[in-house]
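Reviewing the structure listed below.
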Amino acid sequence: MSLTHYLVLAAILFTIGAVGVLVRRNAIVVFMCVELMLNSVNLTLVTFARASGTVDGQVMAFFVMVVAAAEVVVGLAIIMSLFRTRRSASVDDANLLKY
Amino acid sequence: MTVAAAADQPTLADFGTDVWWIVLIKIVGVFVVLVLLTLFAIVFERKVVARMQQRIGPNRVGPRGYLQSLADGLKLAFKEDIMPALADKPVYFLAPVLATVPAFLAFSVIPLGPVVSIFGQQTPLQLTDAPIGVLVVLACSAMGIYGIVLGGWASGSTYPLLGSLRSAAQMISYEIAMGLSIVAVFLYAGSMSTSEIVAAQADGNQVSFFGLTFTGPGWYAVLLPVSFVIYVIAVVGETNRAPFDLPEAESELVGGFHTEYSSLKFALFFLAEYINMVTVSALAATLFLGGWRAPWPISIWDGANSGWWPLLWFFLKVVAALFVFIWLRGTLPRLRYDQFMRFGWKVLVPTALVWILAVATMRTVAREADLSTGQVALFVGVPIALLVIAVLLVVSRASNRATRIAATKAAAGSIHPTEAEPEVLPPAGPRRRPAGRTGPSRAEGGFPIPPMDLAVPPSPRLRSREAVAPDGAVVGTGRRSGAGTQEDVDD
Amino acid sequence: MSDFPFLLAMIAVPAVGAAAVTALPKGREQTARQLSLGVSLVVLLLAVLATIAFDVGGERFQLTTSVSWIPDFGVDFALGVDGIALVMLLLIGVLVPVVVVASWREEPTGRRSMRAFWAWLLLLESLMVGVFAATDVFLFYVFFEAMLVPMYFLIGSFGGPRRQYAAVKFFLYSLVGGLVMLAAVIGLYVVSANELGEGTFAFDALRQVEIDPGVQKLLFLGFFVAFAIKAPLVPFHTWLPDSGAEAPIGGAVLLVGVLDKVGTFGFIRYCLPLFPDASRELAPYVLVLAVAGILYAALLAMGQSDMKRLVSYTSIAHFGFIALGIFAFTTEATTGAVLYMVNHGIATGLLFLVVGMLIARGGSRLVGDYGGVAAQAPLLAGVFLVAGLASLALPGTNSFVSEFLVLIGSFPTRPVFTVLATVGIVLAALYVLLLYQRTMHGPPRGVLLEPAPEAPAPTTGGGGGATAATATLEAPAAAPARLRVRDLSRRELAVAAPMVALVIALGVYPQPLIDLIEPAVAATMSDVGADPAGVSPEAPVEGTD
Amino acid sequence: MLSQYVPIVGLFALAAAFALFSVTVAPFVGPHRHNRAKLAAYECGIEPVDQPLTGGRFPIKYYLTAMIFIVFDIEIVFLYPWAVANDALGVFGLVEMVVFIGTVFIAYVYVWRRGGLDWD
Amino acid sequence: MIEAPDLSLAALAPLLFVFGAACVGVLVEAFAPRDVRHPVQVAIALVGTLGGLVTSLLLAGERQVTAGGALAVDGPAVFLEATIAGLGALSLLLFAERSLDPARSAFVAAAAVPAGSPRDRELMTAPRVQTEVYPLATFAIGGMMLFVAANDLLVMFVALEVLSLPLYLISGLARRRRLLSQEAAVKYFLLGAFASAFFLYGLALVYGATGSIRLSAIREASAGEAGGGVLLVLGLALLVVGLLFKASVAPFHAWTPDVYQGAPTPVTAFMAACTKVAAFGAILRLLYVAFGTSEWTWRPLVYGIAIVSMVVGAVLGLTQTDLKRMLAYSSIAHAGFLLTGVLGYGSGPDGTGSGLGPTMFYLLAYGLTTIGAFAVLTLVRDGDGEATHLSQWAGLGRRSTLTAAVMALFLLALAGIPLTSGFTGKFAVFRAAIDDGAWPLVLVALLASAVAAFFYLRVIVLMYFSEPAVDGPTVGVPGLPTTLVLAVTVTATVVLGVVPGAVLDLAEGAARFVG
């Protein structure tokens, strides 16, 4: 398997995540799609690091993981607070803010 | 590293080069070792605990009862396999697999011995190793949590769910402490490869203590005692073993996450737990107890660390560690959940962090300032220790402040030490003991008794079926007729 | 004496006055009025002194003050006047005190304090002075835009019933124009930076810049649109009737008398000298707009039933004349146009004031609600007549001189347009005289009648074309009522008298103004490269239309 | 390049085969004595209530613990490479790590004081 | 032995100050008793931000790359750091206002209590206040300051998250209309995370294309082979998308109105001012430093987006009936104007562009004005909290002349009327754009300004020329913090409009990137 395959896989994952964010309605699922996007980035980074023979990309992947974790903490807290009030995590139910 | 590694000490380059049949042999070997060790551990546990409790233990099946666990396993295979109606079928089905497989995998990087010759092939006694070997263990043990959580969740029942939640919370909590405890080992070994860590412990440690120079043991259990203690405590929690076996606390949760499992599925969970136990014991041996290398008095003998002998030392160490597990189970009562979590988060984690910093500081200072170990210990270690003690003192006082204040107040009689229960329900009728009667009641006397006129709220289902009693009083369960209130009136 | 920074003082004094008025405690309405009058008189005094200090034969820009303002943009706070600007300053100096006195008894709508009115008025004066005195294009633009704010509040807070609409319309029209001009201003800067090496906004420096004809046309259009909106040329004029009608009388006078002059002033000061090629090339189109404005506005004026709207439309027609004079590119015509700017300020200002006095009495802006006022209030009628005649440029009034100069000056170069424009004069006579006749003569009508106890209330809100005929039919029904028109009070006389005096004086002896204006115009004409030869300004004043 | 991981895959295959075989074969080996009670969720003899917890609320404490775990797990992610490379990093590495752990410690103290680590 | 990277503590002082204050704030939160926490937290946050402001001012003229090349301490960084710190301090003052709301604070007392529960109603009027917002906001400010100084994409990304995460949280902490606020937070979070994923993917692609994430290295790599190929351009586009989202530039603006409306007004002020500064700081650095040599790749993109943003902001702003939403659309339009300045990328070989100074000035001016505008919004209240519906503002000039006058000033500044800071800023960026030949863009911008002016004017019309509603809102008497904010912003709006020379000089002098 050449490195290109990894890149293509990462791109596909990224696209799946992006499409998921746009079409899914459950906030948690949307959020998981975002995480999928972040992880596809990790894959890309590691692949490029491999290609260039440096460890920079892998270090970056570390940072991305950290940030993703921080995002999880904050994001789940926010979604949770809404869920506890509304008993629903659907984005469609969050409809107070409109034009 | 200045390890004068023996010729048969494997290096990282030795791995991944085996011919396929050697690999196959090793794979099967590891598998068999784990299964056998499990069978042994179960019966060993029963016997040791029995001894501790002045019993004999299993003694019927096989010689001196040593085949008891094999018999149990076979029996389980022929039990009825039940799939609860509310279960999430695929997950319920796969959860035991998910728990078992990582347990096996974790053992793959444990070094069992030096380079030996198998059918003429020079190969290390270790399935494989990688620069990040220990991470494989950690990753696999973390994966095992999924099996437990999913198993509990997929059962569609209350107790397993609670058990799995507890188990998840507990395992991740203690994983932190475990993960932190081995940082110091990496710091000293300069590597995360298990075989290199073993190699790093090979030589005695040159310690010069104010002019006196002597060679101490190379075991990290000695060099890094705090890490070792934390590791031991943490892995007991990590493997859900007594006294930390809260996910399967019989008295609270029936069987915990595997309440709804039976037959071979249950057996797999059981297997996974014991394999995990073996794995962490083996890891303890590897990281802290010198791995497969012979302990001190034996190591004087030159041949002790070559050939197939180390396998013996290794398994002795593992069994010793297993004995500690069992010992703990036999002696210590189960902790309450809050105590357990508090211990993990508030004691193990900060201690580990401070310890890491202390070790790193000492090491760096020693290297940079070219000081001897003793000087470093005096100039750096002592102040740090004092600081840590002071901080711990302050923190513990601060954290108990509210309690102390409450205690003082309670002593002064101004408040009740515990908050009064909010009155949920009106009393069902006139009190059993009219206020006018003199003399202390038993309830006011000394020991607590349950209130005699306890009224339990009706369950929602009951309420939907029958009307509430006409006088508005709440109907107690179990006494659905008017007899209860009648009785009260009579008194 | 000429070292004294007159222009700066003329900007600063009213600004400080505005701040002082704002700072007055609540309820000191009288003090606020007196303060405003005092400040505006000081400005008038300064304007007169500045005129005295101005050397007619001297440099083009005098009384200059220049301080570096925003060095990064190459902007200087540069003030200076030529003859054209100076007469405009004089006009401001005269009109503002008059307006203050005229607004003396202005009642605030709602609970609003009148102090705001005085403050806005003074601030407006300050900014208007700034617009005419600026010799830095950026500074000019800043004053140009900033001027909108006080006017906006004057209209919006103190105007008539549809003031919100009018204020927003006024603001948006001006703002759009201003923004287009901003693009051109920036463009000018960039062009100058390319040409001179360092960007500048100084008018004198910019005049030297050779601009590529294509770019010139674009920049010209940028400026032109803004000015055409300001000095309403026909397709851009629709805001003025609304604003003029809804603004309080004082605001309307300043709006039409001074504010809109900024547009025509801008033509002369900026469009012609900075973009001479484009000006020459595009002049025919502008002239079409100008003449169309003269005729179209005059026709519309005749159809108006609202007096203030009517006066606003007359202004649009007059602005057509001014534009005609400017874009004829002869010294006479342009001098006439500048003179027209002053005269129109006085004449139309007076007309607005008189109409305001009438409205103050009757409470209605409709022509059809008035009639036979002259019998009860001869002074008012007299002033009205003077104002009306000045507006239609009867010989002997000030407007005549300027209108005549414009026509004489433009005829040699633009005979067709000039002939067409003269038709406008006839129409002007029609609408002014009709207005006068309907309101001042004939039987008493409309709101000026005290309703008889048993008679139905008179209809005040008659639609657009309440004609004299229907009004006369109603008159007998209200026969027992008597008129309640007061004649001019002393305050109103104080307002009208100086204006009437100016109308007459400038009609008879405009020479000093012409002397002031002509050199500046000549300089502009040489900038634009037009043929400076033409009929001399001392042309015999004879013949009427 | 990843040959040292191949044995792990082999072990995985073996372990997975064993586990899957076990769970698959179990229903066929054992007896089948159908009984509705066996299929009900275990509730210590009380009639089970429908799914009291799944789909409902869990104690917020579990969530908090998970969050704190993530924070510390991340800390460990950085500690491991640092520990391995500590000798090469010198004093600078130590200082960096003191700052890092100190920062995490601030968060830790905060969580502690605000009751995030208390179970009741 | 690995070499320790060079680290100039002096150059990092502003960052250290702010982050230090945030950490101290966290500790205070942990140890100080509840009743003294609020004043202490406010003091610490203010000391931190003002310290950041002062230290960054002291750094003026610094030009160096430090922290192993990860941070650039140059003119733009220092100028924008100072701007963010100053604006942040003002926002924190708004946070600290306690005398306006009968509930004593704009922030919910306990965020964990579900909205609408009995406990929530009980806490609504309790004197308890949320104090965690101060450390959170300070962290966000620190992240923003890091964002504008980041000289490498990874640091930029980390800073992006450091600034975003606290913002997600505090935008969900409104004391009143909690559901609305929580909803805003969820939307902001999901879309924000989405955008940062894009940024990240862009980072990865750029890394793949150039082998480095250091901006200067990217510049060299992209200069080398005719722009660097598809990967680089794609990466650039994704990076820019991520940043434009933060800057709330249409068509990446979907979150802006919702979040601006739902978040507590002080937070909205904070976001509108500081986030915009930070995001544009990063955009400028990215485009000028990393992609300065491959200008052709981003110019058309930015050109088009600027137009879209101005048009969307101006046109949709017309239809709004809520003041906060209206200001949100105004901010979208302003983002378009700012992009006009970004396009004025000039000739300088070392990243100096004629658009840099003006854009920075615009950011400062806009930030001050918008904070002021939102501060006024917090003053106008009815029984439900802030009265932000347009109809409720009718006749406000009668109820409180001063409030209405201040608001009118801010609106005029937003509309870009001369003698206000808004005009100076607009003039500066438009000049830069025209200088660079972007004529049509500036014309569109001018038209958009005119359209936008309409909705600002509508508010003024309502305030001054309409009759007050019978049961209209009351105008609260601001406490010291809000008064201070209003005083500063009003002064700045006027001063930057009348005598902007000094600040323009500062911005112009700072407009030189390093690296």
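Note that the chains are named A, B, C, D and E in the order they appear, and that numbering of residues resets to 1 at the start of each chain.
Operating definition for what follows: a contact is a pair of C-beta atoms (placed from the backbone, for glycine too) under 8 Å apart; a residue touches a chain by one contact, two chains touch by 3 or more.
Note that the coordinates shown come from a computational prediction; the quantities given were computed from them, not determined experimentally.
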| item | value |
| --- | --- |
| Distance in touch steps, counted as few as possible, from subunit B out to subunit E | 2 |
| Neighbouring chains common to subunit A and subunit B, by label | D |
| Taking each chain's C-alpha mean as its centre, the one farthest from subunit C | B |
| Per-chain Cα centre nearest the global Cα centre, belonging to chain | E |
| Chain pair, most C-beta pairs within the contact cut-off | B-D |
| Separation of mean Cα positions, subunit C and subunit B [Å, integer] | 92 |
| Where subunit C and subunit D are represented by their mean Cα positions, the distance between them in whole Å | 82 |
| Between subunit E and subunit C, distance of the C-alpha-averaged centres to the nearest whole Å | 44 |
| Inter-centroid spacing, subunit D versus subunit A (mean Cα positions, whole Å) | 20 |
| Sequence positions of subunit C contacting 2 or more other chains | none |
| Multi-partner residues of subunit E (at least 2 other chains) | 31, 112 |
| Multi-chain contact residues (two or more partners), subunit D | 60, 73, 90-91, 93, 112 |
| Listing of all chain pairs that touch each other, if any do | A-D, A-E, B-D, C-E, D-E |
| List of subunit D residues in touch with subunit A within their complex | 57, 60, 63, 67, 70-71, 73-74, 77-78, 81 |
| Complex contacts: residues of subunit A adjacent to subunit D | 62, 65-66, 69-70, 72-73, 76-77, 80, 84 |
| Residues of subunit E defined as touching subunit C within the complex | 357, 397-398, 401, 412, 415, 417-419, 423-424, 426-428, 430-431, 434-435, 439, 442-443, 446-447, 449-450, 453-454, 457-458, 460-461, 464-467, 499-501, 504-505, 508 |
| Subunit E-facing residues of subunit A, complex | 7, 10, 14, 17-18, 21, 27, 30-31, 34, 37-38, 40-41, 44-45, 47-48, 51-52, 54, 56-57, 60, 63-64, 67, 70-71, 74-75, 77-79, 81-82, 84-86, 91, 94, 96-97, 99 |
| Complex interface listing, subunit D residues touching subunit E | 60, 85, 88-93, 103, 106-107, 109-110, 112-114 |
